[in-house]
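Would you mind keeping the following structure in view while I ask a few things?
Lettered A, B, C, D, E, F, G and H in written order, each chain numbered from 1.
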Amino acid sequence: MSVTEMFSYIQGFLSADQDVREDIRKVVQTLEQTAREILTVLQSVHQPSGFKEIPSKCTKARELFCTVRTQIADLKTKFPVEQYYRFHEHWRFVLQRLAFLAAFVVYLETETLVTREEVAQILGIEVVREKGFHLDVEDYLAGVLIMASELSRLAVNSVTAGDYNRPLRISNFINELDSGFRLLNLKNDPLRKRYDGLKYDVKKIEEVVYDLSIRGLAKEPESVGDK
Amino acid sequence: MSVTEMFSYIQGFLSADQDVREDIRKVVQTLEQTAREILTVLQSVHQPSGFKEIPSKCTKARELFCTVRTQIADLKTKFPVEQYYRFHEHWRFVLQRLAFLAAFVVYLETETLVTREEVAQILGIEVVREKGFHLDVEDYLAGVLIMASELSRLAVNSVTAGDYNRPLRISNFINELDSGFRLLNLKNDPLRKRYDGLKYDVKKIEEVVYDLSIRGLAKEPESVGDK
Amino acid sequence: MSVTEMFSYIQGFLSADQDVREDIRKVVQTLEQTAREILTVLQSVHQPSGFKEIPSKCTKARELFCTVRTQIADLKTKFPVEQYYRFHEHWRFVLQRLAFLAAFVVYLETETLVTREEVAQILGIEVVREKGFHLDVEDYLAGVLIMASELSRLAVNSVTAGDYNRPLRISNFINELDSGFRLLNLKNDPLRKRYDGLKYDVKKIEEVVYDLSIRGLAKEPESVGDK
Amino acid sequence: MSVTEMFSYIQGFLSADQDVREDIRKVVQTLEQTAREILTVLQSVHQPSGFKEIPSKCTKARELFCTVRTQIADLKTKFPVEQYYRFHEHWRFVLQRLAFLAAFVVYLETETLVTREEVAQILGIEVVREKGFHLDVEDYLAGVLIMASELSRLAVNSVTAGDYNRPLRISNFINELDSGFRLLNLKNDPLRKRYDGLKYDVKKIEEVVYDLSIRGLAKEPESVGDK
Amino acid sequence: MSVTEMFSYIQGFLSADQDVREDIRKVVQTLEQTAREILTVLQSVHQPSGFKEIPSKCTKARELFCTVRTQIADLKTKFPVEQYYRFHEHWRFVLQRLAFLAAFVVYLETETLVTREEVAQILGIEVVREKGFHLDVEDYLAGVLIMASELSRLAVNSVTAGDYNRPLRISNFINELDSGFRLLNLKNDPLRKRYDGLKYDVKKIEEVVYDLSIRGLAKEPESVGDK
Amino acid sequence: MSVTEMFSYIQGFLSADQDVREDIRKVVQTLEQTAREILTVLQSVHQPSGFKEIPSKCTKARELFCTVRTQIADLKTKFPVEQYYRFHEHWRFVLQRLAFLAAFVVYLETETLVTREEVAQILGIEVVREKGFHLDVEDYLAGVLIMASELSRLAVNSVTAGDYNRPLRISNFINELDSGFRLLNLKNDPLRKRYDGLKYDVKKIEEVVYDLSIRGLAKEPESVGDK
Amino acid sequence: AQEQDMSTNSSSSVIAAFRVFQQELDTKHDKYERLVKISRDVTIESKRTIFLLHRMTNVPDPEDVLNDAEVKLDGVRQKIGQIAEELRGEDIFQFHRAFTPGIQEYVEAVSFLHYIRHRSLISLEEINARLVFMRTEKADAKGSAEGQPLGTQVLTFQVTPSDYLLGVADLTGELMRMCISSVGNGDIDTPFQLSQFLRQIHDGFSYIGNTGPYEVSKKLHTLRQSLGKVEDACYTLRVRGSEIPKHMLADVFSSRTTLIDPEEGVV
Amino acid sequence: AQEQDMSTNSSSSVIAAFRVFQQELDTKHDKYERLVKISRDVTIESKRTIFLLHRMTNVPDPEDVLNDAEVKLDGVRQKIGQIAEELRGEDIFQFHRAFTPGIQEYVEAVSFLHYIRHRSLISLEEINARLVFMRTEKADAKGSAEGQPLGTQVLTFQVTPSDYLLGVADLTGELMRMCISSVGNGDIDTPFQLSQFLRQIHDGFSYIGNTGPYEVSKKLHTLRQSLGKVEDACYTLRVRGSEIPKHMLADVFSSRTTLIDPEEGVV
């Protein structure tokens, strides 16, 4: 009978585990929904007309991040805090998207690189693992890399919209980012692959700047963050 | 002997099933043939000379869709209507191709997004599952996504052919499409994978528009959205 | 905006579909739970002491099949009946297990091959596809083949438990079954692979009978095989 | 246009090829059906009562081989004779089964090893490749090895049926066969794998003979090798 | 002993077969070596400096094809001609490579699609199966598709080398090829997979032409396409 | 040019390597042939009549080992002695077979376990790696395990042949062997798998001894090695 | 060219932040790597313990073997203590993949030893209870002088239910080997005991079914095969036992079992 | 029961022989395991060297980076020296699988450094020439007193042609990364140089074709993709270069390259 009891105990554990995962999955779905909404708000910056609306779009996005914080607060209640990495895979993807969105908003607002602390604050989570539900450094970095690729698109669309200064500012920003990433020793993992993509973003932006240069359209940006 | 009798009966059942599948396979092959013919007709729009012939090519394609309707009508006779999903895999692939071709024709004609109703009508099938042989929403969406990738190719070839306005119109169209898809909560299925390809199409088209802009070849399309 | 409206509508459709699948998955999970319980009950027949308890175990299993019927009745309410094959993959696995369990119970009770009708009745579903939620013939056959392999194990354990007559009866039964399957023209599908396993079961049981024969332990079963 | 013409011509060629394969597949299906029927006839020798009926079962099987010959004659008409190896995969499987069945009938009749010539004759085909549709030596050997495994089963069932001499005769036969195969230098191919199974058959039969010996049931077969 | 004799005879047969295969393998190895040498010669056309040397490289390749013909002539002596498909797998790979190389040489020389007849002639083999060692249509098509992918690389490298006309000619050629393939009804086989790659080649080349067009570097090739 | 030279150098190395392997393969084939011949000689001990001929068969086998030594001497000339493990895979299989055959001969002659030194001597090779072409300890052990399985067969056939003492002697021998193997810490490799088989050999022999015991046929072997 | 300057400008806050990330990532990877190495050691020593336990069948004093095994497992536990040390203050699931193979093998070894001693399945609690380590703390670097009396700290390692399950699944293979060996060594009680026990474990796994981790389903097939082998062995024992002429029964048993105490001798 | 006695009878020659085998096998497995561990270290440090080399593009003094890389690789070579030590007197192919991943990664790192310094492919001889180690011998245990002057012994490690090939195949991926980075940093010479070099390696591999080891064929696809990316980059540079109005050419170049010495600055 002891064997049976043992398996009952384990089965109890497995069931509980599945329930937790099911709960997590549901909250994560709502998070994904909100993330898509924020993305839709921010996508408009790529439109010719969208450049002027950046401040209002950022405000709109900031409001949606309130929802995110509520949803993440809900997520935190679904599992014991010290088992973060046990369930990490469930929210890793959406957390990286949210880090990207936070980084994008901050960039649009101030043209600076969001810090891990800021992202954590925007999402209502911790930076330090010991303190609770936190933002893994690799997830933060992944979010930043997604933004880099969005910025290369923005550089292209800025030109279409007739804004010839922005690409140069993006170029400076992305080059600094690239230098930062070069300092890291990455394993052969998804982050490494994403980082390889950064080189192409840098290259694309460099090409835009080049196109502007040879046409005499690029002026050294005197006043970065000219909004 | 009763077991023998029972298995004989079952074998009759299995044979009938295999015959149905064989019949379906044959009709599907003719459908694939017609689909390839329609594609060949429409491919000419990528040629430098093909832009002027779009209306005539569309007419030609429309005629071939008559054949499609006849063939699908034939297909419907091969199995009981309520077993649509039992045999779905057999025609799913070709149906998505046909949805793509219908969407492409409609786009070329009116530069609008074909509705599921229109595709169903062009193929001579139903929209509502309960009414009979119908077009699954996933298959409709797959067809639309194939078209998006065809449009990014068209944007490129338009420029080669000297048509500098079309890429801007395509860009607007594809952005709208992208927003649309962002409303969808896709699972991790083939459709999701195809949708991930859409962002490359969006980017490619934006780069075409950029190339035109920086060279002063893009004029604001005055009469865009002429529906 | 028309595209947005259309995609919103489609999203409604997709959500509904995902909800259906989610609902189905949940009921199927409870079904799997019950199936595992029935299996646990029936597996005790392999215990040396289990042979005497066969009738009581069958009764116990029959009771659990009541739960199965309730759960399947619940499952039926989750989707329109004509979309059986749309969602077939969700319950195919558990249905085959249940068909096996029903076939096993019937064998233990009467040492006869359960018919598809009987299985359907035990599970509270239909035989004829047109009448509603039914038991596909392939799923019935898969269940029967799982039972065959369980019976070869039973033949071995019967001997260990000191029952020298049962293996002979099992041998006759399984030979009849084998003849039955030889009437079928199976394609290269999972069922075919499972059927290839049947010949090992046949051989195994023949060897058990052999071991008994050569030691004079096998008596011709007088009153077995009531046909 | 010459490229088009060329590809049209090629398509004609490909279609013809696909038609040939379709035709072959159909005939092969009928062959498989007949092979299963012959197997069912011969399976009865494993039954306790079946031993007396061996002659009549062999006659019955011989009759069914007439059907096989007709079907193979039909098969031959489906493709040019010199392209045997182009389509070999289509009938290889069934041909090995038929070679097995022929070998089994011959063994049951005369307790000798069928020659390749005899198999070819029973199937109405050639031995020599140059003469037409023939029996590849590998396929002949595969058929013989399938029979060996059937004979180990027969040895077991003979004892169950009370025939204590047959296992000894089978043992001698199978040992001779094993020696024969040891003369062959087989590559690492499916045949080699099948041959590796032979040693299990040899061992199994030796154990049957052992079981008879130790119980004093084995008499030295006086009239073994009665051909 | 008759069984021993028979197996000795069979071993003789198997040995002979293995010797044939060994002989074939050796000749095929020398063929592969020559094919690699031809490839090395032709790959230099991708070098910036390689464009001027195309004629001399083609001459060099043509000379190496003499060696190929000698080697294939040797290959033909290794087995009876009607057993082509028995050993097809041994040389299929290298034959496709050689077909590619022949097609590439012909394209570089005349910018036309090599016919199956021409390839056969260059390799010193037959077109018609009945006449002897021939070039299977599938192998010819595979060779042509390998060339298509090489041409997309060539289009890119032509531009790098400063030749702005070649990509347009390649684009016309590859479009014609694509239309041709669309006439074919390919099964789900390796050829189909290779063909799916063709559309990437088409797209890639179109983008090259686009890049040239938008910069005014593409002149309509006046005297290209001599049909 | 330096890159080309480097690759020529490596290619030269690879070619030489392939030639060596080709040479090795050929000698190994002759070794396999001889090994099969020795096996055929020794197989006769399983025949009822074979027991008396053991000495003459062993002599015969010993003669054939002369051929083995010549062939291995030839093998040694094919590669540099210090690269044994570079090519080990080529002869590992046959060397294990030969170790088995040597062990079997020695057992039949003296009913003792052949030492690694003896096997090495019979095969004309070294024990110590440093001294030249040697017998890897794992290959020696594999050979011994193959013999164990042959001995379990011999125990069975001894009874059939009426020799009731041999199984007991084999039992003692194999038990000692089993104790030896228990001392080893094996990895999850082929040797481990083979060693797992030893348990079944021990079990089988134990069963034979048991069968003899309960029939009073087993006498404690007074004079082990009674030839 | 201005980028070049910027990036090396160590006053850049971005660069400064990334230097911290570099540190953090390298530290994590190094720890992961150390855990992999310890795990490999745990695997090897556990495997050797299992081999050692199989040697019990034919030695004069099985208790010696059991003690040796206990000593070996003590060594393994020291290694697991090192893992626990590395994981001190970490989220163990973050590094779980690094050491799960070793832990599973340890569960296999320790549950094998437990079965041999107690003929029962060791529980997860019992396993975890042995994974409590006392560590003599280094004197706290901040503020306190060296030479101060060292404190001790309790460090625990918790085997996860999944690793426990996977280890038990592998245990069944060893039990099967033990069963076949027993038959070969004339021990007829152990196989029947083992078949009972294995059947319970098998039924336990089928009760869990596909709700367990994915790797369990993969091992289920092997488990079923092992059970089959054990059931076959018992079957054979029963069948052949049926032939003993009654008057011989005593003889046979005395000649084959006298020197074996059925409770302790063989297993 | 007599078996039990026999097996523990340590005077049995069979048991004695198997004790020797046990020793031999355990020694071999232990060595294998040690080699695996050293190989993992070699892999990690080689990878970090490669990352370090990619950092060259935008630092003020690239020579510093090269020197740092050289120091790191010296450390790796020390590790390879340990491998050589373990293999002293062994047949290296017996343990090859244990350390081949590390060695391939080392080849990748050392050939990357070599390319950056010399713009050429390091040869197998050059690689092996650096893998010669001087070892101070311990005083010979037999016969000679302790405290005797220590001798030195030369120890070499030979990278196999296969490992060399596989390392070079991986090198191409790093070269591609370097190429794309160069474009992004406004360096227009390096990409053309790299495409020449990569094309040579690509042609070299196609010359070898399927005669090489199996793993090479697997890496060939990646190699071809890398070449494609580099060729595309060069194509883009050429195409966009075609647009520079003649009168601006000087301007553009001066503004973008003044601070970069094309020969040494960037790469």
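Operating definition for what follows: contacts are C-beta pairs under 8 Å (C-beta built on N, C-alpha and C of every residue); 3 or more make two chains touch, one makes a residue touch a chain.
None of these values were measured; they are calculated from a predicted model.
A.B. asks: Pick from C-D, B-C or D-E: which pair repeats the contacts of D-F, with over half of them the same residue pairs?
C.D. replies: Comparing each option in C-D, B-C or D-E with D-F, the repeat is C-D.
A.B. asks: In whole angstrom, how far does the Cα centroid of chain A sit from the Cα centroid of chain B?
C.D. replies: It comes to 34 Å between the two C-alpha centres.
A.B. asks: What's the distance between the Cα centroids of chain A and chain D, rounded to whole Å?
C.D. replies: Centre separation, chain A to chain D: 66 Å.
A.B. asks: Need the CA-centroid distance for the pair chain D / chain E, whole Å please.
C.D. replies: Computed from C-alpha means, the inter-chain centre distance equals 42 Å.
A.B. asks: How big is the gap, in whole Å, between where the Cα atoms of chain G centre and where those of chain H centre?
C.D. replies: Taking the mean C-alpha position of each chain, the two centres sit 37 Å apart.
A.B. asks: Among the residues of chain B, which ones contact at least 2 other chains?
C.D. replies: Each of 179, 183, 185 in chain B touches at least two other chains.
A.B. asks: Which residues does chain G have that touch at least 2 chains other than itself?
C.D. replies: Residues 3, 7-8, 29, 58, 185-186, 203, 207-208, 243, 256.
A.B. asks: Which of the chains touch, listed as pairs?
C.D. replies: Contact pairs between chains: A-B, A-G, A-H, B-C, B-E, C-D, C-G, D-E, D-F, E-H, F-G, F-H, G-H.
A.B. asks: What does chain G use to touch chain A in their complex?
C.D. replies: 2-3, 6-8, 12-15, 17-19, 21-22, 24-26, 29, 89, 91-94, 96, 120-121, 123-124, 161, 164-165, 197, 200-201, 203-205, 207-208, 211-212
A.B. asks: Any idea which chain C residues touch chain G in the complex?
C.D. replies: 32, 36-37, 39-40, 43, 46-47, 153, 156-157, 159-160, 162, 208, 211-212, 215, 217
A.B. asks: Per the contact definition, I'd like the list of chain G residues that touch chain C in the complex.
C.D. replies: Contact set of chain G toward chain C: 195-196, 199, 202-203, 206-210, 228, 231-232, 234-235, 238-239, 242-243.
A.B. asks: Would you tell me which residues of chain B are touching chain C in their complex?
C.D. replies: Against chain C, the touching part of chain B is residues 1-4, 6-8, 10-11, 13-15, 18, 80, 82-86, 88, 113, 115-116, 129-130, 137, 141, 176-177, 179-181, 183-187.
A.B. asks: For chain C, which residues count as touching chain D in their complex?
C.D. replies: Residue positions touching the partner: 175, 178-179, 182-183, 185, 203, 206-207, 209-210, 213-214, 218.
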